[in-house]
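Next up: the structures, one after another.
The same chain A turns up in both complexes below, where it pairs with chain B and then with chain C.
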Partner chain A sequence: MQQIDKKQLSLLIIVFLIGSTPLFELGIEAKQDAWLAMLIAAGAGMLLTVMYVKLQQRAPNAGLADLLKYHFGRILGGSLATIYAIWFAYESMRNVRDVGELTTMALLGLTPKWIIMFLILLLSAYTISKGIEVFARVVQLLFPLVVLSYSSIILLIFFSGLVKFNQLLPILERGPMPVLKAVPDLVAFPFAQMVIMLVFMHLVKEKKSLERVTYRSQLSVSLFLVLMNALVLCVLGPQLAGVTSLPLLEVVQLVRLANFLERLDIIVTLLLFIGLYVKITTLYFASVFTMIAVTGLSSRNLLFPIGIFIYATSFLEPNNTYHLWIGLEITLKIVPVFQIAFPLLMLVVGIRKRYKPEAAGGGRRAEGVKEK
Partner chain B sequence: MKLVRWLLLLMILLLTGCWNRVELNDIAIISATGIDWKDGKWILSYQVVIPRAISSQTGESGTAAVNVFSTSGDNFRFAISKASEELSRRLYFSHNQIVIIGQEAARRGIGPLMEVYLRNHDSRETVSVFLSRSDARGIMEQLIPLEQIPGAAIQRLIVNEEIGSSAFRHMAVHDALMELLGSSKATAIPGLIIAGPGEGTESVGDLGKTTTATKVRLKDLGLIQGDKLVGWVSDEQSKGVMWLSDHVERSTVSFTCADNRKGKPTSSVRILDTSTKLKPIPANGKWIVKADVEASGVLMEYNCSGDPSKPQEVEKIEKRIEEEIKGIMTDGWEAVRKHKADVLGFGALIHKRYPKQWREASANWEELFPQTEVEITVKMRLSSTGMSNQNFKEAQKKAES
Partner chain C sequence: MTKTSQTSNQSALTPLSRSLQVNAHAIHTRFGGSSDLVIRLFRSDAAPERQLALIYIAGIVDADVINDSVLAPLMSMKLPSYMEETENLLIESLRACVVSVGSVKEVSTLEEALQYMADGMCLILADGSPLALLAEAGGGKDRSVDVTQTQTVIRGPQRGFVEDIGTNISIIRRIIRSPNLHVQTHKIGSQTHSNVAVLYLHGVADESVVKEMYRRLAAIDIDGVLESGYIEEFIQDESFTLFPTLMNTERPDTVAAALLEGRVAVMVDGTPIALMAPITFFSFFQSPEDFYQRFDISSFVRVIRYAAYIVSMLLPSLYIAVTTFHQEMLPTTLLISLAAQREGVPFPGLVEALLMETTFEVLREAGLRMPRAIGPAISIVGALVLGQSAVQAGIVSAGMVIIVSFTAISNFVMPEFNMAATSRIIRFGIMLMAGMLGFFGIFISLLFVLVHLASLRSFGVPYMSPIAPTAKGSGLWRDAFIRIPWWAIVMRPMDLKLRNPRRQRSARKPPAQRH
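Presenting the complex of A and B:
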C-alpha cells in the first residue's frame, strides 16, 4: 500500500488549496470588504474541515468511497461514491479548461487550446500512473518554488510602494449584508474543496497527528489567501480589482523597481501552472481512487477512461464567458451538496453496525490503494 | 516504455512553441503612441524605433532613431490593424513608454483608450499618459537632445520633474484608471507642448546645433472629469494641486522678504521632505477639508536683509515660506474649483471616512465639490540655512561700516 507522510499531506493541502486562487480576486462583490468575506469563509471552511477529520477518524483506514459505504451501505454508498468521482473529474476538467483559457488569454494568444490542455492533462496522467508517493514528492519539490515566488512577489509589491492600506476603507460600507452574501460562494471555492482530502487522508502513515497537521496547514493557507486578497485590493482598489480578470497579473505588471526589476509576469505564469497542475492532478487522482474503490478495477484500467472523460468534457463549454458563468453561477451553487450536505449526513447517521468492526479495526485495506 | 518515448518526442515537438513565436526582425517596436480625433475618426500615431539607428556598432548618426506614422479608424484596435497596410513589420506594443492624447481626443473622451488597456494584455498599464495642447502626432515627431528615442525621453522627463520639482506628477495608465474608477471619477494628466518659435526639431540635423528652435516641454495640467477633458490649469496652479493632493516629493519654493507674500520673491528654499494630510469635516450638508502640510527643507538662496544665523530670523523666514506654500495651494484650489473637477481626491477621502454621508453627497458631488471650503495650515521647518550666514550684499555693507 502506498503511503505518504504527514509532511507530504500538509504540503499537498497547502498547494492544493492555493491552486490558482490568489490570481483572482474572489469575493469582489463585497467591494473593499472582499478580504473580510474571505476571512469569514475561511472560518467556515475550518469548521467543515473539523467535520471531515472527525469522519475520517471514525474509520482511519477508509478512503472517501469506503466512508460512504460504511455510512450508507454498499449500494447507496457505492452510487454516491460514483457521483463523487464524477464530480472530482468535473472539477478537474474545470481546471484543465482554466489552464487553456488563461494561457490563451494572457500568454500565448495564438496557440490552440486543445494542445495546451492536452499537454497538462498528459502530465497529470503520467503523474498518476506513477502513484501517490511520486505525486507527493513532486508537490514537495514544487512547494519551495511556490513559497519563493509568492514571497518575492509580495516583497516587490511592498518595495515598489504600490500598497495603499486606505484602499480597504470604508469597512462595511453598506453594512454586513454584502459581505455575508459573498461568503457562501467563497466557502464552496476554495475552502470547502478540502473535502477532496478525504480521499487521501487515510494514506497518511502517522494517523495520530492527522488532526493537528490538517488544521495547521489549512489555517496557514487560509491566512495566506486572505492576505493575498487584501494585498491585491490595497494595490488596485476595489473598482479596478473588480474589472480585471487576472488581478494578480495586473498587480505584478505594475511593479517597477530601479528601472530593471519589472515585467515579472513570468513568476505569475509559473505560479499559475504549478497551482493548476497540482489541482488537476489531485482531483484526477481523487476521481481515479474513488472509482477504484467502487469498481475494484485497477488504476491502469481507469486512468485513461477518466482522463479521456476529463479531456472530452473540457471542450463542451463554447467559450470563456460560458466557462466562467457555469463555474461561478451554477457549479458553486451545487457543490455544497458534496462539501456540506453529504458529509453532514454521514456525521449524523453514523457508521452502520455491520461495518463497525471493519471501520474501527482497519482490518480490510481500502481497495483503492492495493499494491501495484 | 515505448509509448512514453513517443510521448516525449511528441512533447518536444509541440512544446517548443511555434505558434506564438515573435521574431525580433518581424516586429516594429513602438516607443510612443499618440491619439487624436479628427473629422469623426480616431487617428493613432506610432513612434517606431529603428534599431539600426541606435545600435552602438553601426549607429548611423545621419538618420533619426524613430519613424512616426499614423492610421485612422472608428475604433482603436481597428485603426491599429490597418498599420499592416503601410508597414512591413508587426506593431509591437510591449515596450511602449508613453501615450499622448491630443486635446480634441481628450475632449471627446478617453474611455475607449482605458477600455483597450484593460482588455488587452500586450498594452501595459505602466505606460505614462500625457495630454497635448496641439495634436499628439506633432509632439511625437520632435527629436529631443541628449536622448535617442523621444518616447523614452519624455518618460524620463516626467520622472525627473516628479522627483525634482513636483509641479507635475507621473501619471501611468493605471493611476488614471484607478482615479477614474474611484469615488470622484476625475483625474489630472500633465500636458505637453512644443515650445519655441521655430518650425520644429524634426530632423537629426537640427540636433547638430547648440540650440534647438523648439522643444517638447511639460505645460499645464489637464483636468479630466468622467472621461472627458474639462479644462486646463497653469503650471503654477498645478503646483498647488500637487501640494494639496500630497504628490510633492521635492520642490523649490521662492519667497519674498516681507510677510504676506508682498514684494518680489527673491529668495528660495529647497523642500526636501513634505507631507500633506487631508481631513474632511461635514458642515451642514457641505464639506470643509482641512489640509495640514508639514514640510522641511534647506535655504538655497537668500536675498533679504536679516541674519539667518539668528534663530528668530529663521522663524521669520519659515513663516514667509509657510505663507508662500499656503498661497500656492490656495491658487491651485481656486483653479480646480472653477472647473468642478475633483482631481484632488476629496470625494475618495469623504467616501472612506464618512461612507454614509458620501452616499448622499456623491449624487451631486459635482455641485457640492466647488462649495467645499479648504482650510490650509502649513508647518515649515528650515533644517539648514546653507553654508553662509548673511546675504552677500549685507555682508558687503557690513564690511564698509
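Presenting the complex of A and C:
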C-alpha cells in the first residue's frame, strides 16, 4: 500500500476543502451575516473533525471501510461501506457536472458538456491509476499555484479599493435565527466533507502527528474560507452576491488597475478547475479505495466501472437549475447521515470485541495474518 | 585443438596449443586473415632454440610501446639459466623480467587472447608453451581534448570530454583528486565490447543507487554500444515518457559537480557524452555556469529559464485559445489590431499556428543537418519563410510570426537539449487541445503532464522532488528555483538519501576583516 507523508495529507485537506468553495457565496440566506454563519459552521466542522480523528486513532491502520467493519461487523459494515462508496462516487459526479456546467457558462459556450466532463474524468482516472502517492505529489505541486493565485486576487481586490467594510453592517440585523438556520447546510458543505479524509488518514506514515496536522490544516482552511466569504460580501454586498452564480468571478471582473490588470478571470477559472479537479479525484479515489476494501478486488478492476458509473450518472440531471436544486435542497439534507450519524454511531458503539486485536495490530495487515 | 575435461564447464573456450604454428594459424583464421593483423616471428638470444611470436593489430596499438618496451627487450633478453629449464617458466619469466609494460596478463585460451588483442593488447607466444602473454600497448589516433561544442559557458572551465573513455576518466580524476572516487568498468556489447564505466564518490553516493546501476547495466544484452544514448534507454526507469530521467553532458565539470552532489555518473567508450543519475526535473534548469557566476545573477537567470520553458510550451496555445475562444480577454485595442491583421489570413488560428510551428521545426532540423558550408543559406531562406514575406503573401498574420519566433527563442534558453525537446513536442499536443477546447484544453493537457511528471522516478528518486514530495531538512527547495550563495549550500540534495548529506559543516562565510 502506497503511503503519503503528513505534509501531503495536510495539503490534500487544504486543497480539497477549498475546492471550488470560495467561488460561491455560501450561506447568503443570512444576508450580510453569511460570514458569521460560515464561522459557526467552521466551529461545528472542527468538532466533527475531532470525532473523525478519534475514530481513526482507535484503529490507526484502518481505512473507512475497515473502520465500519470493525464497528458493525463484516456484513453490516461492508454494506455500509458500499453505501459510502456510492455516496463518494455521487459527490464526485456532482463535481464533474459542475465542471461541465461552469465551463460552458464561463469559458466555452458552444462546446458540448460530454467532452468536457469526459476529459476531466479521464484525467482523474489517469491520476488514480498512478496511485495515491502520485496524486499527493500533484496536490503538492498545485498548492503553490493556488496560494499564489488567491493571494494575488486578494491583494488586487484590496488595492483597487473595492472593499467596503460597511457592507457587513448591520450585524445580526434580524436576530440570530437567520444565521443559525443557514449553519446546518454550511456544515454539510464544505466543512463536514472532512469525513472523506477517513479514507486517506491511515495512509499517513507519521501516525503520531496525524491529530496535529489535521486540526492545523482544517483550522487554516476554515479561516481562509470565512475570510473569502466576508471579502466577497464586502465587495458585492449581500444583494448582488445573492443573485450572481459565480460571485468571485464577478468580484474579479471589477478589478481595474493601472489600465492593464483588467482581465483576471483567467486566474479565477484556473482556481476553479484546480479545486474541482482535486475534489473529483479525491472523491473518486475514496470511492475506489472503499470498494477495494469491501470487495478485495484490485484498483485496476474497480477504476473503470466506478469511472463509468460517475460519467453515466452525470448526465441524469437535465439542466443546471435541476442540478443546483438537487444539490442544495436534497443532497445537503441527506449527507449529514454520512457525515454525522454513522461516525457518531461508531463512536458510541466502539470496536467490537472480535476485531479489537486486528484494529490495534494494524488493520489490513493483521487481517491477512489471520486468514493464513 | 582438443577439448579437455577440465574445460567442460566453459566448452566454448579453446585452450592454446603447445605449438606456436598452430596457435598463430588459429589466430590468423579467427581474424579472417585481416590485413591489419601483424604476426612477427623471431628468436631471442637467450633461448635461441625456441621460436617466439609477437601478434597484434596494427592501428589500435602504440607502435612506440611495441618497439621499445616489448620487441626490443624480447630480442635482447638475457635470462637467468634456471629459468630456461622448464617450458612454462619461459612465459612466466618473460612476464617477470623482460616485458617492460605496466599491464600484462597471462592467458591460456584462444578466445581470451583474441578478445584482449581486439582491445589493444599485443600477444606474445612461445613455441612449446600452452600459455600466452598479453602486454598492454593500447594506442591509436584520437581527438585531443577540446573546447566544449554544445554546452558553452562564459565563465568556467572550457574543456570537454573526448571519445576515449580513458582520457575522460583521467580528466575527472584530475578534478576530484580523491581515493573516494571509485570507478568500475564493465564491458557491454557482445560485438563491440565497449567499456562502460560507473563513477561515484564513495562515502557520499547512495550505495543502493550504485548497486541498482550495476544491476541494470549487467542486464543489458546487446551487440553493440556506440553512444551513451544506448545505455540511457536501457537503464532509465520509464521508457514511455518524453522527459529524460538521466542527464547527459559533455562537460567534465558538470560530471564532477554531480559526483560531489552524490550522483552516479556513467561513461561510455566512444562518446564524449556522459550520463548522470539520479536526477530530478529541476536539475535540468540549472546550467553549470549558474554555480560560477554570482548567485544573484544566476538566480535571476534561473527564474528566466523557467519562464522561458513555460513560454516555449504554452505561448502558441495561448494565442490560439485567445484568438479562437476568449477574445474578450484581450484589451480592445489589441483585439482590433489582431483582427485587422488576421483579416486576409485564410486559415483558422490553429492551422496557422501548426503551419508556422512545423515550418520552424523543419528549418531547425535543416540547420542541424545541412553541410556547414551552406549554413548561411538557411538563415536567408528562414527569414523569408518565417518573416515579412510570409506576412505579405497573406499566408500568416504578423502576430503569429512574433509568437512563433519568441517561442523558438525561448526554447534555446534551456541548458539541456533533451529537456528543451520535451516542450517542443508537448507544445503541439497542447496546441491541438487549445484549438478544440480553448483554455480548458490547455488546463487539462497541463494537468496530464503534471500527473505524469509526478509519477516519474529516476533511480528511485521522485522526479519532482524537492517540491513533491518535499525533501526533509532545511529549505533545499530554494535551490530548485534560485541559486543560493555557495557558503549557504550546506547540504547536498536531500532527496538522494545520501550517506553523507553535508557539504560543509555550517553555513559560514569567512568574515571580512576591516581596517
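Heads up, the rule we're going with is that the second predicted complex is superposed on the first by the 363 of 372 C-alpha atoms of A that agree within 3 Å, B and C clash if a C-alpha of one lies under 4 Å from a C-alpha of the other, contacts with A are read in each partner's own complex, and residues count from 1 in each chain.
One rule holds for everything that comes next: a residue touches a chain if its C-beta (ideal position, glycine included) is under 8 Å from a C-beta of that chain, and two chains touch if they have at least 3 such contacts.
The structure displayed is predicted, hence computed values, not measured ones.
Colleague: Is A:I120 touching anything from chain B or chain C once the two structures are fitted on A? First, second, both or neither.
Modeller: In the superposed model, A:I120 contacts chain C only, not chain B.
Colleague: With the two complexes superposed on chain A, say which partner A:T111 touches: chain B (first), chain C (second), both, or neither.
Modeller: Both partners, chain B and chain C.
Colleague: Which partner does A:P305 contact after superposing on A: first (chain B), second (chain C), both, neither?
Modeller: neither
Colleague: Name the contact category of A:P176: first (chain B only), second (chain C only), both, or neither.
Modeller: neither
Colleague: Just to be sure I read the superposition right, which of the two partners does A:G296 touch: chain B = first, chain C = second, or both, or neither?
Modeller: Neither: A:G296 stays clear of chain B and chain C.
Colleague: Classify the contacts of A:K7 with the two partner chains as first (chain B alone), second (chain C alone), both, or neither.
Modeller: second
Colleague: Now for A:V134: first (chain B), second (chain C), both, or neither, which partner does it touch?
Modeller: second
Colleague: Contact-wise, after the overlay, does A:L254 reach chain B, chain C, both or neither (first, second, both, neither)?
Modeller: In the superposition, A:L254 contacts chain B only.
Colleague: Answer with first, second, both or neither: which of chain B and chain C does A:I266 touch in the superposed model?
Modeller: In the superposition, A:I266 touches chain C alone.
Colleague: What residues on chain A does chain C touch that chain B touches too?
Modeller: 107-108, 111, 115, 119, 126, 262
Colleague: Can you name the residues of chain A that touch chain C in the complex?
Modeller: 5, 7-8, 103, 107-108, 111, 115-116, 119-120, 123, 126-127, 130-131, 134-138, 140-142, 144, 262-263, 265-266, 269-270, 273, 277
Colleague: Going by the contact rule set out above, which residues of chain C touch chain A in the complex?
Modeller: 325-326, 328-331, 437-440, 443-444, 447-448, 450-451, 453-455, 462, 464, 467-470
Colleague: Which stretch or stretches of chain B touch chain A in the complex?
Modeller: Residues 4, 7, 11, 14-15, 17, 19-20, 118, 121, 124-126, 172, 174, 177-178, 181-182, 351-353, 355.
Colleague: Taking the complex as given, what residues does chain A use to touch chain B?
Modeller: 105-112, 115, 119, 122, 126, 166, 169-170, 173, 236-237, 239-240, 243-244, 249-250, 253-254, 256, 262
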